[in-house]
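I have placed the structure first, in the form of structure tokens, so that the comments after it can refer back to it.
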Amino acid sequence: MEPVLELRQVSKYYPGHEAVKELSFAVPRGALFSLVGPSGCGKTTTLRLVAGFEQPTAGDIYLNGVRINSLKPHQRNVSTVFQNYALFPHLTVRGNIEFGLRRRTAEAERRLRELIELVCLEGKENRRIWEISGGERQRVALARSLAVAPEVLLLDEPLSALDPKLRKQVRSELRSLQRRVGVTFVLVTHDQEEALSISDLIGVMNEGRLEQVGEPREVYERPRTRFVASFLGTVNWINGVGIRPEATRISRDRPPQAASIPATVRETVFLGNCIHVEAETGGGHVVVAEVGAQDGRFERGDRVYLWWEPADELRVSE
Amino acid sequence: MSRLLGVYAAAVYAFLHLPLIILGVFSFNASRFTVWEGFSLRWYRAALENPQLLEACWNSLLVAAAATLLATALGTLCAYGLWKRRSAPIEAGLYVSLVTPEVVMGISLLAFYQWLFRYFDVRLGMHTVVLAHVTFCLAYVVLVVLARLRTLEPALEEAAMDLGATEWQAFRRVTLPLAGPGIAAAALLCFALSFDDYVITSLVAGVDSETLPMVIYAMARRGVSPVVNAVSTAIVFGLGVFILLAERLRRA
Amino acid sequence: MSRLRSWFLAPAGLWIAFFVAAPLGVVAAYSLLTRGTYGGLSEPWTLENYLRLADPLYLKILARSFWIAGLTTLLCLILGFPLALFLARSGERKHLYLALVILPFWTSYLVRTYAWMFLLRDTGLVNTLLIEAGWLERPLALLYNDGAVILGLVHGHLPYMVLPLFATLERLDRSLVEAAGDLGAPPRETFFRVVVPLARPGIAAGSLLVFIPCLGAFLTPDLLGGGKTVMIGNLIQNQFTAARDWPFGAAASLALMVLVMLMLGLLLRRGGERFL
């Protein structure tokens, strides 16, 4: 199937700063694609290049197979949900959502009702945007962008303006909304858990480059680089081999079948559903092992053995 | 779009600045007509040899200096008081003096003076001009100094008093030096405003207190003269230096 | 604390009472008196002076003042809005460009008015150049008409419009403009549907800041209108000088003050921003 959005060798240089370097990726139609990386890695710039707010220094951007480099933002059939939502303060909820519909036809009116229903804002159409909650604002921003029936919806850190407690709930709402409307989402976030939990595909960026693209499981379990492995979750690096805490086994007795490393427990951190045991090996490495909250108790100073299954080793290029 | 905006802005800047630039260039014209005949300082020399202009200039400097001193002192104290706590009647009075048309302020002061003169044996003169100038400068001083004070940390004075300073010492040794650049800027603006005023001055001036703008106005009414071109250019240049200085201080 | 504070406020407070409030009170009293035989003041107390303001002759002057001040305001808005937009978007050089707007604001108003006389009179630069170029045979009457007055007023008051507009436009969230474009609105539509509505407080403040002083203008109509363009300011000045009808001049002054105060109230309520 032809991708709806494709970037080929896209670069964006500012004076004295290379924001995006030779970026290439393709987004299949109907997918939820996340660009994830630390702040300053170029992910927001990438989004702005697709939206048309910035012009690429080199490379091409294709939407439905058509090169859109030279099109202005209003000529591109993509739409952005801004990080601060950028809702128009002089308009009501309704005025914001129908901004892009432009003509006041019966069809537009029907579409407006549909969108308000979709994002559950019935009865709040005439509120001013400062009269509604943060979660509602995000839904107004979504409805406003969906109103123009974009080929691709771009979301810049859509959850960062929300209360941390709300985030998980809104996250799953976002995912189910995307499934219902079937529009391609390209989402930018610095939160790897958020990206892993809702995406069909993840692209991990670092210092302007795309390090790896793949399904969440794939990039988590088979990271291609050390950066990807570390960014998506904690990694124990033991003798050049990477092991996730949840794959690291720990016991007081020497395991019979596998090679193991002796260590001393330095700290145990209770995290509610599990416990992180930090143990120091003879070589001075600190290794984190995740154990169930009710599986055995480890105390500071306990002598333990660490081991893992060879299949759980992360094989990275550097 | 942004290029078009730049061109538009350039055109508006030209509209704002070209008239004075052209006037300045022609003040150095050897000819008395609007045809360029070569560079000459003869109109500046003519201005310097005109006793009426010199006396008026001296009067203007005196008035501006006196008005600046008074208005800055009063305005600074007032701004400090308002910074501590708002006062509706004083703010209302300042607003009124800011928006009162110059003509109305001029005739009201004239009427007021005439009424006072019934009881006191005084005439219109330099003193009445100075009083009028302080009146219209006052609100500007408060505006500028208050803006500066609002950028200061109010806790600084409390800290000073906490360390044993009296209220007056805290004002004198902490706030006043910090507000200094704003006060200096206000004084320079005052001077510029006072030096330039024609409308109010002309109404409250006596026979012996003709200021430079009054002379220029009288000459301008008779028609354009190359001497006025020269004097005007000198004024703009002098005030321009003043204002640049004031802007620098205000930002310091 | 409050004891010392009142000492700080007292001098300015007294000054305002003495040189702003009291003179206006004297004018109010004069406006109720009758003109004496030799131009002085005499009894009886009367409302005659206010009734005379309703004379079609004076109503025409009032209407003319409103028309000139209104047109000046509109022109300042048309010239000033794009300039303010340019300033708000000019990044690091903002301070320089802003100083270029403020500079003429503080250089002598009289000299700037005179500069227009120099340019526009029959033997002024504009006419001389046009005749030299062979486009004109006889000089155009550019000076001493309404057009010249409006030109001078626009030139003199443009910064009053630009500064508040700049203040609102600078605070305007850039992403709102991007969002409008993103939703399919071309630049023109974005301007009218997003930028202008959001700049409304600045437009209101700037318009009133231009309109108020222009309504009571004296110097510009006097020099550039050549006595033909009479505005309220000229009428008042004339009553106190040549005509020597102080009571009527006082009544006209108070009427103008009432108009100005009404607009000041509007400015403080609509402009949103306090100046003090």
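A, B and C are the chain letters, set down in written order, and residue numbers restart from 1 in every chain.
Assume a contact is a pair of C-beta atoms (placed from the backbone, for glycine too) under 8 Å apart; a residue touches a chain by one contact, two chains touch by 3 or more.
From a predicted model like this one, the values you see are computed outputs, not experimental measurements.
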| item | value |
| --- | --- |
| Maximum centroid distance from subunit A, chain identifier (CA atoms) | B |
| Identity of the most central chain, Cα criterion | C |
| Distance between chain centroids, defined by C-alpha means - subunit A, subunit C (Å) | 56 |
| Approximate Å spacing (C-alpha centroids) for the pair subunit B, subunit C | 18 |
| Inter-chain centre distance, subunit A versus subunit B - centres from mean C-alpha coordinates, in Å | 60 |
| Subunit C, residues touching no fewer than two other chains | 187 |
| Residue list for subunit A, restricted to those that touch at least two other chains | none |
| Of subunit C, residues touching subunit B in the complex | 1-2, 4-6, 8-9, 11-13, 15-17, 19-24, 26-27, 30, 79-80, 82-83, 85-87, 89, 97, 99-104, 106-112, 114-119, 121, 123-125, 128, 155, 158, 187, 212-213, 215-219, 223, 233, 236-237, 240, 246, 249-250, 253, 256-257, 260-261, 263-264, 268, 275-276 |
| Subunit B - residues contacting subunit C, complex | 1-2, 5-6, 8-9, 12-13, 15-17, 19-20, 22-23, 26, 33-35, 73-75, 77-78, 80-82, 84-85, 87, 89-91, 93-112, 115, 131-132, 134-135, 138, 142-143, 146, 167-168, 171, 189, 192, 195-196, 198-199, 203, 213, 216-217, 220-221, 223-224, 228-229, 232, 235-236, 239-240, 243-244, 246-247 |
| Subunit A contact footprint on subunit C (complex, rising order) | 173, 175-176, 178-187, 190, 193-194, 197-198, 200 |
| Complex interface listing, subunit A residues touching subunit C | 51-53, 72-74, 78-80, 82, 84, 86, 88-90, 99-100, 102, 144-145, 147-148 |
